[in-house]
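One chain, chain A, appears in both complexes that follow, with chain B as partner in the first and chain C in the second.
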Partner chain A sequence: MMGRWLSQIGLVIRLEMRKTFFSRRGIWVYLLALAPVLIFLGHSLSEINNRKERQALNAAHPVSTAALRSIERGSTIEEVVEKVGEPFAKNGFRRRDFIVDIYEYTDGENVFGFGFRNNRLENINERDRDTIAKDSLVFAGVFQFFFLRLAIFFGCVGVFTNLFRGEMLDKSLHFYLLTPIRREILTIGKYLAGLIATVVIFCTSTFLQLAALSLHFTGSEISEYLTGPGWGHVASYLGVTAAACLGYGSIFLIAGLLFKNPIIPAATVLVWEGMNNFLPAALKKVSVIFYLQSLSPVVAPPDANMPPLQKLLLTAAEPVAPVWAVLGLLTLTVVVVAIAARKARKLEINYSTD
Partner chain B sequence: MAVYKRTYAAYEGSLTPTWSRFLILPRYSFARLWQSRFLVMFFMACFFYPLGCIGYIYLANNLSVLSSFGIPAPLGNVLKVQPSLFLYFCWVQAAFTYLLTAFIGPSLVSPDLVNGAMPLYFCRPFSRTEYIAGKMSVLVFLLSMVTWVPGLILFTIQASLAGWEWTKANLWIAGSLFIGLMVWILMLSLLALALSAWVKWKIAAGGLLLGVFFAGAGFGTALNSVMRTTYGSLLNLTEVMFTIWSKLFRWPSDTGISVEASWICVGVVCAICLWLLIRRVRAFEVVK
Partner chain C sequence: MNDRIILDNVSRFYGEVLGVNRVTLSVPPGITSLVGPNGSGKTTLMNLITGLVRPTRGSIQILGISPSDPEKLFRVCAYATQFDSFPRGMTGFQFVYSYLRLSGMSHDDCQRTTAFAIGRVNLGEAAHRKIAGYSKGMRQRIKLAQAIAHDPRVLVLDEPLNGLDPLVRAETIALFREFAAEGRHVIVSSHILHEVDTISDQVILLSNGYVVAEGKIHGVREEMSEHPMQVIIRCTRANVLASRVFEQDNVVEVRLHADGGGLLVKTRDADRFYRALNHLALDGVGIESVAPADDNVNSLYEYLIGGEESTR
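Our next item is the complex of A and B:
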């Protein structure tokens, strides 16, 4: 019996795969998944370009990092020029009672800006080139605030609500219902098909994002990172992506079965997940994003442009252990898919009302 | 009369004037929309905030009422009617109109396309412009009822309580309310109609409207943080509108984008939506 059920699940998955992966309706899911890849690719290309520019400037105005770091506040322009030579860029402005001069130097990697006021060095602004540590924080922010909360969320809304509600709107669900398979098998098959599709699409996107982000680092930097925490981070990000598809997928599968218009529950879940950072610790745990954040390898810093009032409302909760987070998500998924299967058992369709 | 005698005869009744033909569409749309109890309830809920604002304006102009409740004067002095009150009014009501549009917008054009009704419209003396104007007027009317109409009522109440001097000095607020909210309504209506025309599923069109605003905002923020720019905020239509409103209400804006860029962004969004609509709303459709 089990063997037959498994082969039936396999058949449903095969049928659904074609619809999920190759339908014109699903193109936007690919676009949503690839959007952050484009951002990171653009960032890497601009960093490569900047580095080339800085190296060319350094060749024209050679100066060492040690010499630039040895300059102290209070020095005059003449002293600085004597020590490190002419800058690659000079800017400045004159007011009635003071003159400001800005001299810019580069050691080929970082840019140093020296701000003089009335011929005395007042400000030293060092703009370091991007490091893996800095970029991993940026990645964590984009991953947690855009990719998990919006890209995967909307991707799952599109794929999983389409599994039942889409077929009802297409007036094609009765073909499935007339086949001699149990409704539970149909539900599990459809859910697994949606899960495979979203996991493949979004995990590929996560991997491509990381690859695009690492493009502007040298081989030695990347291998050093990978031998350290790197592979662990990559595996964690891929795991969190898959867990997000698992959790959100189950919620939107049942939303497609229970609601005639699944957008209303989707909007409600979106708002709930969005305000998770502001919820008290007990309520935070009633969401998918809390467990996903607990599993994330790097804690994303809050948005720097957040209004002060919102910053005041931010609440912190101790993240749960990864084992409990995974168990929590799996339990949620099993329970929700079981309820969906039960609902599908009593499913009756009347196309005229849909 | 024998059936064979029933031949074609031209309509001889009175014709609807050309200018008002587009109003036929909202007449039927409204009749269908008001059948939804959820919509009626939500529409009523849209007036809670304006009612709260009326209470605030009344209290701000009648501080003696506060003192009669034993509230000390310093708290009473905090209550002032400033342009920011109207700016936040725009902000809150815009959120309601967004939800209202997500509910109504998708069902305006897509059913006509799905059911092949376009030839039935355009075989009559009814142009594409009239069709779009008719469908848009449904949204424009409903959204106006919850935005600039109550906004101007608030302004009138404040003007009547504060006197002629205040009104003369702050007449620009009324203009800002009308222009700011009309621009928002036009952009939202065009966006909803374009999505409704291109995505034939009502549900998917509603979801896409949700996605355009939320995913657009998220993508813009991601772009800003990765590329260290502020141009990503132009993808966040709510921030774009807030920048415009801040300028109109002479309030400092911290969105990081210029007012000119915001106006251009709104113009581009409206132009793209209009182009998409015109491409889709045709008397025929090639079915592959």
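Our next item is the complex of A and C:
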């Protein structure tokens, strides 16, 4: 019996895969997954371009990092030029009672801006090039705020609500219901098909985002990062992505069975997940984001200029140990899929009212 | 195992709207036609039998199996619905094969069985074309192929002859007969009454969610004593026969045909009339043919349900 059920689950997955991966309805899921990859790719390409420019400028105006860092406030323009040569860019403006001059230098990696007021150096602005440590914080922010809460969330809305509802709209669900397969088995098969599809799409996206982000670093920087926390971070991010698909997938599977319009449950869950930090401890556990935040390898630091509400949304509330987070998420998923299977058992075909 | 489809006091309401009400049936094997106007409950009855909807009240058994147990039911039962929709992007072969695989057949058996089922509905040449490009008749046939592929003992078909050309229609009816001759159930719904008349072993007449008559067509007709049976007789000396026939106490009306070559007789007791006719025709009346004029589904429909639909 179990063997037949497993074989039927496999067959349902095969049938669903084609629809999930290649349906026109699902194109926007790919776009959601691809968006952060493009953002990070753009960032890396721009960084590569900037570095090339800096190196070219440094070749034309050679100066060492040590020499630039030795410049002290209060120096005159002539003293600075004598020490480090002519800048690659000069800017300035004149007011009634003072003159401002800005001299820019580069050591090929970083850009130094010297601000003179009435020929006295007042400001030194060193714009360091991006480091992996800096970028990993940026990645954590994008991952937790955009990727988990929006891209995967709405991707799961698109894939999982369509598993049943899409076929009701197409008036083709009855073909499944007229085969010798238990509705519970059908539900599990469909859920796993959706899970495989979303895990493949979004884990690929996560991996590509990390790869795109690391494009502008040198080989030695990358291998140094990977021998340190790097592989752990990569594995954790992939794990959190899969966990997000697992949790949100179960919720939107049942939403597709219960609601005709997926926007209503999606909006409700979005609000519920958003207000997770305001909820009492017991209710926090009835959410997906609570466990995902606990599993994230890097905590995204709230930006100083971030609005207070957004800051609150991003802050993880009393994270639990990863093992409890995984168990909690699995329990939530199993309970929700079980309820969905029960609902599917009582499902009736009445397309005219669906 | 029980070989009947049994519905015991089954009702189904869609909120306030009645689907079917207090339906009690025991359907034997053979071709059974569900006849009734739109909204009479034919599709609801089929959906109830196959578990696509659940009864609000009452119980259903298909060869002893409950419709709420699809794992058992759809090993012996198949249903081709009226929905003209299919999973996207599939060819006819993939469509039949994919759902057949769920019944637990091996890949090779499934391939063979699919090819056989598609061959039975004469769709072999189009099997590997996308269903989206099929004509209405081809779509009907591929649905039928999918329904018969696993060799079911109960075949439920909602308007299966819609969209079929006369040749395919005849082939499809022959297929139903073949199934019925093997002791299986073929339950069809149809609006085309003369076809129902030709193919059915028994009929179930539905009106407004109620079963108004069920059984063999002739048996149902005989029980309708308020409507005298009509008999058409083609003969010589029709006026002589008319006067003799009118002397029978079971005869309520006699009409001479305009050409004088026959008459229409209305009788309350057809059996007695047929027996008497042998004697009445002895004396110089040459009878060419005797045929019942309203012993068919069309008349049943007209008498029991009425309305313009009976003429379709």
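Going forward, the second predicted complex is superposed on the first by the 329 of 354 C-alpha atoms of A that agree within 3 Å, B and C clash if a C-alpha of one lies under 4 Å from a C-alpha of the other, contacts with A are read in each partner's own complex, and residues count from 1 in each chain.
In this text, a residue touches a chain if its C-beta (ideal position, glycine included) is under 8 Å from a C-beta of that chain, and two chains touch if they have at least 3 such contacts.
Computed from a predicted structure; not experimentally measured.
Superposition model on chain A: chain B and chain C are shown accommodated side by side without a clash.
Of the two partner chains placed around the shared chain by superposition, chain B is the only one that A:165 touches, whereas chain C remains out of contact. After overlaying the two complexes on the shared chain, residue contacts for A:36 are found with chain B alone; chain C is out of touch. Contacts of A:12 after superposition: chain C is touched, whereas chain B is not reached. With both structures placed on the common chain, the touch criterion links A:181 to chain C but leaves chain B unconnected. Look at A:141: by the touch rule set out above, it reaches chain B but stays clear of chain C.
When the shared chain is aligned, no partner comes close enough to touch A:342: not chain B, not chain C.
In the superposition on chain A, A:154 makes contact with chain B only, while chain C stays out of contact range.
Superposition on the common chain A brings chain B within a closest Cα-Cα distance of 8 Å of chain C. Within the complex formed with chain A, the residues of chain C that make contact are 14, 47, 50-54, 70-75, 78-79, 81, 83, 85-89, 98-99, 101-104, 146.
Chain A contributes residues 4, 7-8, 11-12, 15, 18-19, 22-23, 167, 170-172, 174-183, 346, 348-351, 353 to its touches with chain C in the complex. Those residues of chain A whose C-beta lies close enough to touch chain B in the complex are 25, 28, 32, 35-36, 39-40, 42-43, 46, 138, 141-142, 145-146, 149-151, 154, 157-158, 161, 165-166, 169, 261-263, 266-267, 270, 303, 305. By the touch rule above, chain B contacts chain A in their complex via residues 99, 102, 201-204, 206-208, 210-211, 214-215, 218-219, 221-223, 225-227, 254, 256.
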